[in-house]
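Structures follow.
Next come two complexes built around subunit A: one with subunit B, the other with subunit C.
And then the complex of A and B:
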C-alpha cells in the first residue's frame, strides 16, 4: 500500500515522456516543418498535398498512433505469453502468430504467380496483404488452440507454437526458392515492418481489433496474477485454468495478429518491454504491469520510429531492424545485470 | 462423547485410490475411511511410495477416486464447483511457486482470490483477513520483502499464511517440512498445531517426521502396505501400528520414546 504513491509518480513521468515523444515523433520526418506550422496544422485542413497540414494529418499522425498501438500491443501480448508460459523468453512469436502471418503474406506475394493471372489480379489489392497476414495468423492460432485444448501441460503449447513456426518458415523458404526476384523483394520489404503504411481507414479497423484484444486482456488480469503461483495453486484458488488460457491466447493473438497484419513482423518489442517494465516497477502484479507495459511499449516504439526516420534525411530505415538493434542489447543487459530474469 | 458433537469437516467412505489407464486399474490403497473434525491437526504418515501423495491428490480433487466417496462439510466433493471448493479447502504444495518476484504481502493477498471481484481488488474485509494471517504466522516483519529474499523456512510460513488468508475450513499441506532443518521442522509443525487450535480450522499434512507428528497431532492417518488406519497417536502406538510401517531389517520403533531407532 505504501508503494502506490511511488507508482503514481512513475506513471505520471512516463505518461509525460510518452506525450513528449509523441510530439517529437510528429515533428520528425523527411520534410522539415516549423514549429508554428506544426501547431497550426492541427486546426486547419487544406487539401493541398504538400502542405504541412496534409503531411501531419494524413501521414505522420496516423504513423505516430500506429507506433503507440504497435508498441503497447506487442508489449502486452509478450507480457501475457511470459506469464502464461512461465517463461521469460516467451513473446508474441511463441504461439506461431508471427510465422502464421508470414506464411499468409508469403503465399499472397510469392504464391500468386503460381496460380496464374486471374489470381494475381484478384489478390493484389491494397487489402490483400493485411487479409493474408490476418488469415495466416488466425489459422495457425486456431490450430495451436485446438491442439492445446488436447494437452494439459502449458509447456507443450509453447513447443507446439514453436514447431508451427518452424513449419511455416520451411514453407516460406520453399516458396521463396521458386519465386522471382521481384516477389522475393516485396516479401522481404514486408518483413522489414512498416508503421507508415496505414491510412485513417485502416487505422480505424486496427484500433477496433486492438481494443477488443485489450478488453480480453483486462478480463484476464486476475487470472494472470493467480498464475504467478503456478497452475496447481491457481486451480486450488478456483481458477478455471482452461478458460483462462483461452482468454489469454485470444487476447495475445488479437493484439499480435493485427499488429503483424498491419505493420509487419516487428521483433523484440514483445520480449523486451515486459522485462524493462518489471525492472522499472519491480513488481509482478499485473494490475500495475499492464498499464506500465502499455506506456513503456508506446515509448520504446516511438523512440525506435524516431530513430528509423533518420532525422534530417530522406531515408527511412526498416523499423524491424531498429527494434532488434534496440531490443537485443536490452535483453542482454538485463541478463548480465540481474543474472536471472524475474517474472 | 465430546468427539461426537464435533463437526466433521472431511469424511471418506470406502475410498479407493489409484490410477486408471486404458488397460488397467492400479489400486494404491483401499477401504479408506477417515474423518477429520473441526480444529484438528492431523498428520498423514507412511513410507515412501505408499500412496500419501495419491491420497492427498485424490482428496484435493487433482485426481478422481477409483471408488467410494469424499464428503466435505457433508457435501460430496464432486458436487462442488472449483470456486466453492476454493472457499472450503486450501493447499500448501511442495513445488516452488512460479514467480518469486512477488512480495510477501502480494503473495498472501492472492489467497483472497476466490472472494475478490473480477479484477481482484481487495475489500477492507480482505485486508483484515490478510493482516490476521500475517500476524498468526509471525511474518508481519517480512511483509514487504520479496519472496526470493526469503529462506525456505520463512517461505513456508508465507505459504501457510496464504492458505490461512484463503479462509477455508480445511487446509491441506503436502510435506510442509521437507528442506527444513530440525528446528524449523518443529517450528512449522508447532505453528500448525497452534493454528488449528486458534483458528479452529482442520489442518491435514503429510510428513516423514513421525516422532514430531506423534507428539503434536490430535490424530494420525497411517498408511501401511495393508491398511489405512487413523486414530490418536497414543492409541496407534498401543496397537503397534508403527512397527508395521517400515521393513524390519534396519529400524525399530521404540514405544517409550515414540521414535524410531537404528538397529545395532
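And then the complex of A and C:
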C-alpha cells in the first residue's frame, strides 16, 4: 500500500511535467509568437486566424498531439514486445516491424507505377500509405511470432528481425532503381520521419486507430504480468497463452504500424522508453508500467520535438536524428550496466 | 639440409632464366630503362603556335584555346569542388593522322566534327538541335525524358538507342554503338561505367553546365557543343541572340514600378524547399523585377525551411512559382491543407512548369530551360507584369488550375 502511495506522487509529478512540456512545445518554434496571440488563437474562428494564430492552431497543436501519440504509442508497443518475447532488446525497430511498414510504403509509393495505370489510381488515395504501413508491420510481426513459436532462442528471433530489415532494404533498392525521381524523393522524405505533417483530419483517424490499439493493450495487462513468470507458469495459472499472444500482437502492430504510417519510422523510442520507465519505477507490474510508459514516452517525444524545431532558427532537424541521439546512448548505457537490469 | 634447399633454389632461378633468350632479356632491359627515363622528364605539351582564347563571357566551367592544327577544350569545374581540370584535344581526322600526342598530357583526343555522339542529360539536347546536329545523336539514357519533337521522332524511329535508366548507363549497349564521344555529367566523377567507356577508347567529356551560377552562363555551354562540331561561329551567333533577347527583356522589366512579392517551392512533410538567393532561379526572378522573399539568402543548394517561417513570411505573397512536382491546385490541397492558407493559392496565382511536358512525360523546362533563359525570363515577366510583352505567350510556366 505504501508503494502505491509513492507511485501516486511520481505520477502526479510526471503528468504535471508532461503538461508543462506540452505547453512549452506549443510556444517554441521558428517563429516567435507572443503569449497573447497564443491564447487568443483558442478563441478565434478558424476562418479569421491571423498568421501566428494559424501557426499555433493548424501546425503546432496537431504536431504536439502527434508527438504525444507517437511517443506514448511507440513506448507501449516496445514494452509489449519486450514482455512478450521476454527480451530486453525487443522493440518495433529491432524486430523488423518498422521495416515491414517501410516495405508497405515503398510498395505503394514506388511500386504503384510498376503495376500500371489502374493500380496507380486504385493505390494512390490519401489513406493508401497508412493502410500499407499497418498491413506491412502486422504481417512482419505475425511472421516473427510464428517463427518465435518454433525457435526457442530469443537471439534467433532478434536476428530474424534484422533479416527482415535486410530483405526490406533489398526490395526497396530494387524498387528504387525502377521508380521515378519524384517517387524516390517521396519515399526518402517519408523515411526521415516527421511529426509536423499531420492535419486535423488525419490526426482524427490516427487517434481512433491508436485508441483501438490502447484498448487491446489494456485487455492484455493481466496476461502480460503472468507472462513475466514464464510461459509454463502462466499456463498453470490458467492463462490462455495463444489468445493472449494474439491480443498483444494486434495491439503492438496497430500502435507501431499506424505511428510509422503517419509519422514515418521513428527510431529508438520504442526500445528506450520502457527501460527508462523500469529504472525510474523499479517495478515490473504492468498496471504501473503501462501508464508510466505512456507518460514518459510523451515527455521524451515532446522534448525531442522541441529540440528538433531548433527554436528561433529557420530550420528543423529530422526528428529521427534527435530520437536516435537520445535513444542510442540510453541503449549503450543499459548494456554497460546490464547486470542490474530490471526485467 | 639447408645446402640442399639453397642448391634447389639456385637451379630453379637458372631454369627460369633460360626461358628467356638473351635477345628478349636485352629488349626488356631497354624497355625498363626507357620507361624509367620517361618518368623523369616532363612531357612537353604540344606547342600551339598561334594561340587565341575563344570568347566566353559568362561561363566559368570551360575554355577553348584555338591553335593551328587543333583546339584545346578545358573543363574546369565539371562538378562542385572538382579537384582537377580536364583537358581535351579537338582535332580533325587528317591532322590527327599526322600528329602524335603524349599519352597522359590530355584527358582525351576528340576527332571533330563528331559524327556519332551520346549525351546523358536532356539539357544537352537543345544545343544539338540549335546547331542542327541532332542527327549525330545515337544514344541517350532515359529517352522518355526527351520532349523535343525533332529528337522524339528520331527516338521513335529507333535511331537513338536507349542506354538505361537514370545514371546507370548500360555500358554494353553503349560500347556496341561505339560513339565518337560521350558527353557525361558527373556528380562526383566516380562513375565506374564511364571509366569502362574511357578504357574502350571512347572519349568522355564532362559537361558542367549545371554547376554554372547564372542563367546566361548555363546557356553559354552551347559554345562547348559548337567547338565539338567545328561550328563555333554558329554557336557564337546563337548565344549572342539569346543574350540580346535576355538583356532586352530584363531592361523592359526593370522599367516597371511594381515589384510583386514571390514565393517558390513546396513542402515535403513540414519542410519547405526553396531556391537560395544566389541560385539561377532567384536571379531570373530578380531580373524579372520581382521581390523574391528569400533573395537575400546565400549558399549552395536549396534552402530547407520550417513551415512556420515560410508561412509567416510568404502568406501574403502575391505570386507562387514552381510548387515542386504538383500539377494542379487540387493536388496541392491534397498534399497539404496548409497550402490553401496562402493568398497566392486563394487567388489562383500559382505557376508551374510541371504541366508543360513532351509526349512521353518529360518536363520541357528541364530540357530547354537551361539553353533558353530568354524564354524563361520572358515567361516570368509576362506573369509578373502582364502589361508588358503583350503578344508573348508563356512557354514553360502555366497557372495551376
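Methods note: the second predicted complex is superposed on the first by the 277 of 343 C-alpha atoms of A that agree within 3 Å, B and C clash if a C-alpha of one lies under 4 Å from a C-alpha of the other, contacts with A are read in each partner's own complex, and residues count from 1 in each chain.
The rule we apply is simple: a contact is a pair of C-beta atoms (placed from the backbone, for glycine too) under 8 Å apart; a residue touches a chain by one contact, two chains touch by 3 or more.
Note that the coordinates shown come from a computational prediction; the quantities given were computed from them, not determined experimentally.
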Joint occupancy of subunit A by subunit B and subunit C, clash or fit: fit
First, second, both or neither for A:7, with subunit B first and subunit C second: neither
Subunit B versus subunit C as contact partner of A:228, first or second or both or neither: first
Which of subunit B and subunit C A:54 touches, first, second, both or neither: second
Subunit B versus subunit C as contact partner of A:182, first or second or both or neither: second
Touching partner for A:309 - first (subunit B), second (subunit C), both, neither: second
Touching partner for A:86 - first (subunit B), second (subunit C), both, neither: first
Angular separation of subunit B and subunit C about subunit A, which is computed from CA centres of the superposed model and rounded to the nearest 10 °: 140
First (subunit B), second (subunit C), both or neither touched by A:38: neither
Partner chain(s) touched by A:218 [first = subunit B, second = subunit C, both, neither]: first
Subunit C versus subunit B - closest C-alpha approach in the superposed model, Å: 41
Common interface residues of subunit A - those touching subunit B in one complex and subunit C in the other: none
In the complex, subunit A residues that touch subunit C: 29-31, 49, 51-52, 54-55, 58-60, 63, 126, 177-178, 181-182, 185-186, 189-190, 192, 194-197, 199, 201, 264, 309, 314-316
List of subunit A residues in touch with subunit B within their complex: 2, 86, 218-219, 221-222, 225-230, 232-233, 235-240, 278, 282-285, 287, 342-343
Contact set on subunit B toward subunit A in their complex: 60, 62, 82-87, 89-91, 93, 95-103, 106-107, 110-111, 113-114, 116, 118-120, 144, 148, 166
Subunit C residues within the subunit A interface of the complex: 165-166, 168, 268-271, 303-309, 311-312, 315, 325, 334, 336-338, 341
